[in-house]
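To start, the structure itself, in structure tokens.
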Amino acid sequence: MSNMDLTVEQLGPARFDSPLLARLGRQAGPMDFVDDRRRLCWNMYTDGAPRETDLSFEQAGPRRQIYFDPPHARAAIVTCGGLCPGLNDVIRALVMSLHYWYGIGEVLGVPYGYQGLAAGAQPAPYPLRAQDVEDVHQRGGTILGSSRGAPPVEEMVDTLVRLNVNILFCIGGDGTLRGAHAIDIEARRRGLKIAVAGIPKTIDNDIELVYRSFGFQTAVEEACKVLDCAHVEAKGARGGVGLVKLMGRDSGFIAAHGTLASGDVNYCLVPEVPFALEGEHGLLEQLRARLRARKHAVIAVAEGAGAALPGAGDRRDASGNVLHPDVGLFLKEAIERAFAGWGEEVHIKYFDPSYTIRSVSANANDSIFCSDLARCAANAAMAGRTGLMIGQWHGVFTHVPLAAIAGLRRRIDPQGKLWRAVQAATGQPDLIN
Amino acid sequence: MSNMDLTVEQLGPARFDSPLLARLGRQAGPMDFVDDRRRLCWNMYTDGAPRETDLSFEQAGPRRQIYFDPPHARAAIVTCGGLCPGLNDVIRALVMSLHYWYGIGEVLGVPYGYQGLAAGAQPAPYPLRAQDVEDVHQRGGTILGSSRGAPPVEEMVDTLVRLNVNILFCIGGDGTLRGAHAIDIEARRRGLKIAVAGIPKTIDNDIELVYRSFGFQTAVEEACKVLDCAHVEAKGARGGVGLVKLMGRDSGFIAAHGTLASGDVNYCLVPEVPFALEGEHGLLEQLRARLRARKHAVIAVAEGAGAALPGAGDRRDASGNVLHPDVGLFLKEAIERAFAGWGEEVHIKYFDPSYTIRSVSANANDSIFCSDLARCAANAAMAGRTGLMIGQWHGVFTHVPLAAIAGLRRRIDPQGKLWRAVQAATGQPDLIN
Amino acid sequence: MSNMDLTVEQLGPARFDSPLLARLGRQAGPMDFVDDRRRLCWNMYTDGAPRETDLSFEQAGPRRQIYFDPPHARAAIVTCGGLCPGLNDVIRALVMSLHYWYGIGEVLGVPYGYQGLAAGAQPAPYPLRAQDVEDVHQRGGTILGSSRGAPPVEEMVDTLVRLNVNILFCIGGDGTLRGAHAIDIEARRRGLKIAVAGIPKTIDNDIELVYRSFGFQTAVEEACKVLDCAHVEAKGARGGVGLVKLMGRDSGFIAAHGTLASGDVNYCLVPEVPFALEGEHGLLEQLRARLRARKHAVIAVAEGAGAALPGAGDRRDASGNVLHPDVGLFLKEAIERAFAGWGEEVHIKYFDPSYTIRSVSANANDSIFCSDLARCAANAAMAGRTGLMIGQWHGVFTHVPLAAIAGLRRRIDPQGKLWRAVQAATGQPDLIN
Amino acid sequence: MSNMDLTVEQLGPARFDSPLLARLGRQAGPMDFVDDRRRLCWNMYTDGAPRETDLSFEQAGPRRQIYFDPPHARAAIVTCGGLCPGLNDVIRALVMSLHYWYGIGEVLGVPYGYQGLAAGAQPAPYPLRAQDVEDVHQRGGTILGSSRGAPPVEEMVDTLVRLNVNILFCIGGDGTLRGAHAIDIEARRRGLKIAVAGIPKTIDNDIELVYRSFGFQTAVEEACKVLDCAHVEAKGARGGVGLVKLMGRDSGFIAAHGTLASGDVNYCLVPEVPFALEGEHGLLEQLRARLRARKHAVIAVAEGAGAALPGAGDRRDASGNVLHPDVGLFLKEAIERAFAGWGEEVHIKYFDPSYTIRSVSANANDSIFCSDLARCAANAAMAGRTGLMIGQWHGVFTHVPLAAIAGLRRRIDPQGKLWRAVQAATGQPDLIN
């Protein structure tokens, strides 16, 4: 990472006093505004040896001087991709802080994701007032609606220009942030003074430079409830197996944390750690031994686990694309086939709770976290930062240039603390021959 | 129903004072014991006209004189079939009341359903003490384990004889109660003085003469949470459809009650009410119109709904048995195919929460209900009743002969109050051409 | 009860076809409307002997012919007294069924209880549309607000006349129903054709002729959570006592049901069963013995329990009214004083969760129950019934004249099934010397 | 802080290979063990200027070489002070990791806090096996029991010697950690090779150098539920005020975070921010204005708030100690008195949920956090560290010498980010004249 560039773009010099200055009045203290020079070190460790890198992040937070004149500024908010607990909390906090803290001219909600920025999108973006969002944090999902994909970037920038939007907040995952980056580049190319700020959304918690993503803790909480049910089902039958597929296409954080919190999982399968089905050390023989000894088992499998297994990824559609099969059903069938072959009893109860997990409302802690993220994004954009997302490094909110995260993914380190804890909690061996 | 025989078998004349008499001492009052002659009328209505039937039920409850001598009696408990919230509450209350109220000699737990009564079953039935079950109501599932099917009835009765079991409590659904009936008949045939009492378990609430089955309210509660998630998912996309498959092979009570409680369901599909997919009034065109107008929809479908649809039930296995396809997946594919044909947008989020719903612990009200059922069963068996199950008629616990319920199923009346309420809550039209 | 008059008043002969007839069209069946002659027997038991009474209730439900012409009718809804889970469900279902089933002209919401019917009440009653109440069942409390007490009955009837209200729905407890009765009498006296229908609200479940009151099951559910916390706290200290005060001024149903559902309560104290503090069999000595043996204890006390204890009810206010002291704090102090005197260790953790219990939203089952009650009330009033409340007898909804319930209270029978179950669950002795 | 000494004591040179080495075998990688020289910087910021301090923490985690020979080592665990969500998770993870990771000889549970280390304590410390703690994380409280205060330190060390305890884990708050420090000093004085490791427990989140304390997030979650009820109650009456007292004697973190998460609080009162009752800007007049305008209000008050108010802290007991009055009741009475004086309507619903909040089981995220803390403590003690507690700095677990934290308390900074967010969320003005 040592040659990564963490410089965040700035639309121009700050020109206006922050309205917070007037609002705070005599109360204003040194903690109320973040100095632009203040940065957070990438490397926080010392061992006497010279530092590996001098990388540092710009710290997020309100600036004393800002770029946009609030009463003449107009912001728009768009939510993209799959649902995630906390989306409404982010929307609410953006609207509240733009209206109440900054006294912004108007905030628009863009319906149904980037599709709402298409030329003739129906319904069109519409104003969001504070009272419209007052109670939305009590509901899961996104009041704006969402979608996947996007119109051409030129068309979206045209729409922003047509709507006089000065600030665009993009809430979404990897693809959404790439889209935000493209919009930012196009706006720069045209010389437009539009700030584009991303709020990373990934229920899988797999965005690099983001210490923790919103909704993740809520998702783990919900996953645990299902793992508990799986445990009950497993114990309810001789040869009972509770098999739970959890989100995580490229990284297994939800499966791993769910495993740690539940305490009842016997096998945790994640994309980062290959495993064999067949053979002495493969999952099937291990499971067979466990069912003989203990009569039941619980398996948590991330949806992207086992991609390398023979038979798991070899189906292709008409265009030759690899079809991502449902790893949970794949495992279910493989286990049932193996036990049938051995003439031994197995009863698999299969759980696929993904839509339930992602559509609940955020828990209290995630809710607060979402508000913090949103306020940081509002502060950054009002101060003229653009082409950035709000990251979190060791508990401190940061400005991260969208350019820096392209193609990076956080993944579980199979030799790291988290995976070792999972191994200890499950007692599972290496499922490799 | 007017020619139904509701006479419950009795092993012989009651010979012992109930231990409750001594326990209550001077406190004992007229309400403490139920008179054997007291019966509950089947027909509780009057309209001046002569009564349709004089059918009546034996009322459940403790008897002043009982048949078994508690310190020399041994009971066994078996749980069969799928999980259902409250199983552990029933087990707990049986063990508690047999030990504390009656001072019974011993209570055995039969592991893994009727299979635990096979000749050489491993593990074998084992004693259940009060302290073993103290906290089990806080967990879902059954501490005894369960299974489907049963060894030959002669073998099971042999086991009961070998274990000196005087009383057998069978907790389970339709098949389990038929099994209990067979055991009772075999025991009678051999002249054995074994009381067999059933506690009906049907998460679908579909046992006739049982006004409400345990776990049902808890199941509806859980179903509602999922319907709420489905609503959130549906609203999160243009053309969003939340499709929730709920339990109910022959009757759609969970789907109907869940629909009423959630308030967000637009189409409730149950086995009792046929519906068309195709055609002007079929589900597909209706859904199309709704998505155009309202952009989203929620569908609750009981697993046995739509059996008459072309394509839904026409697959057969090697032996020619109709394969029950997953109606949820069937609908999902049919809807996606239709909308693809129309070139209109639809995003179906499919929920299959059955295992989650049935494995949670009972809510407070179900928990109390389970205890009541269990105590009634204990009272009946100690008094020498056999070949019966505990029913509930208009809120009163009754003794129902197992012979009486053979082949009866409670189902939703498409012209009755419940279905009218569902129609009103969803606004759904008749989906029939 | 045998000389009770259960005849419900009727404003006049039904004059209009129910709009349901047209709505159902060809679907309409014999179950869709209740025949006015159909009645539910008070006594449902038979034992060969002649029936004790021939009392019977009018069955609730939609009538084929109704009294009011829906498009020209105007209804008003008022909620009074303390909060109770399900109030918003009742309001929602009233508004929905009046608008969608009956196509009523207008429904008014009366703000802040009967006070909203005062001459110059601010805010004044305002129209409730279907969309205003769509989501209110997801929130506790009442969207209308509530209050205690009432303006003079003449003033309230004046207001109803001024607002052209034809139907008044009063949701509330004992006092509220007495108020509804007074309004009905005054309206009759003036010859007004106003129907007054009550929906009984009593979180304590203590209204006679009402088998179960809405919100009660939810309240027991919440009470159980607190009893569980009390158990945890009690076990956390040597001499730990978890003391939970629950609602129940005149009857201890919540305490009793909570005790049964939790399984962890050692002493359940209710108004119906006197107990001594002092003396060998008094609570203090019994608790002392238990703490020596088991180190901890859980006590559930209904707020009206122990009124006869010396010192508990002897404080009077300036007007000479008995001051109801907080029985929980009274017990806490008495226990601490006694143990201090004995020099023995006791740590009392006192819980007073009443406001939390009553302000949660209704659970699924209560929610459905509320809708049923509301629809029955709408049906009754549209059919011209007045001066009645919706009761429930053995699971069937009934019309009960308000005159019949004056002064009646349901209470726990100390020799009945419920109290015996509590005694069995707690193992508590008679706390009487 | 710059002159703080963060050096952690070490019983002696590490002498044994960690059993993890053998367990991991070829899998062992560079991340598996923490190098003793690796330290975490106190100051993580850079702004070009020289660093304010070079303070750094020892990083927690497993060491390659350890001090104790596991099969010959014996550990003891003690939990002290008030309950806190997660205590059982900590106990469980300590027992699990000591047994399964380290293969320790024996782990003792000390009953009822430090009192269990008294000379003749009954019950005496007893062995804790892995199977004893398997499910305890599903229950709130502490399976060991707790107490306040402690026997003389010499007596406790005598007990440790008598029981051959090599490692003592003390889980508790400020006082408990001071006790641990005293035990460590006494053990050092006697030349005993006993490691004493603290795990800080403070539901208030107010221990300095501990970024986040276990159970805090769970507590906020529970507090939010009560704030939501208070909001419902407040809106249910004209002049309705929901007043919620939350934990926080010296710092108001729970009240502040609860306020942020709920979104419904209008006044948040904490110990760190003084407020006036009387006067134009005092709480009473502000509340009066709000009730006139908005009819209802929600107040969250930390138990230590308002200590400087006239009348709040002026009661003293017989020994002259200031009696901490219940600030909630104090406010309730003050508000009622003021509104009575003004002749204006107010209905205060008072909530005191402290025991409920602290006795629930930990949520998933806290549960994982507790396991991490426990494993760090086990690693530290096995490696021979003593006189330390496990801290957390910017998300990294650290070793903090007990000597360093004496007398330090984390408190809300009235000019910091958290309090500004509370001000924004509530809209509350400075309540100071």
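Should a chain be cited, it is by its letter among A, B, C and D, assigned in written order, with residues numbered from 1 in that chain.
Just so it is clear, a residue touches a chain if its C-beta (ideal position, glycine included) is under 8 Å from a C-beta of that chain, and two chains touch if they have at least 3 such contacts.
All values derive from a computational prediction rather than experimental measurement.
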Labels of chains that are neighbours to chain A and to chain B: none
Number of hops, chain B to chain D, where each hop joins two touching chains: 2
Identity of the chain that, by mean CA position, is farthest from chain A: C
More contacts between chains, A-D or C-D: A-D
Centre distance in Å when chain A and chain C are each reduced to the mean of their C-alpha atoms: 46
Length of the line joining the C-alpha centres of chain A and chain D, rounded to whole Å: 29
Centre-of-Cα separation between chain D and chain C, whole angstrom: 41
Sites on chain B at which at least two other chains make contact: none
Contact graph of the chains (line, ring, star, complete, other): ring
Pairs of chains, among all present, that meet the touch criterion: A-B, A-D, B-C, C-D
Chain B to chain C touching residues, read off their complex: 27, 29-32, 35, 37-41, 44-48, 56, 59, 61, 92, 96-97, 100-101, 134-135, 137, 211, 217, 220-221, 223-224, 257-258, 260-263, 363-365, 367-368, 371-372, 375, 394-396, 413, 415-417, 420-421, 424-425, 427, 430
Parts of chain D lying in touch with chain C, wherever the complex brings them together: 83, 111-112, 115, 139-142, 145-147, 225-226, 228-230, 232-233, 235-238, 240, 242, 295, 349-353, 355-356, 359-360
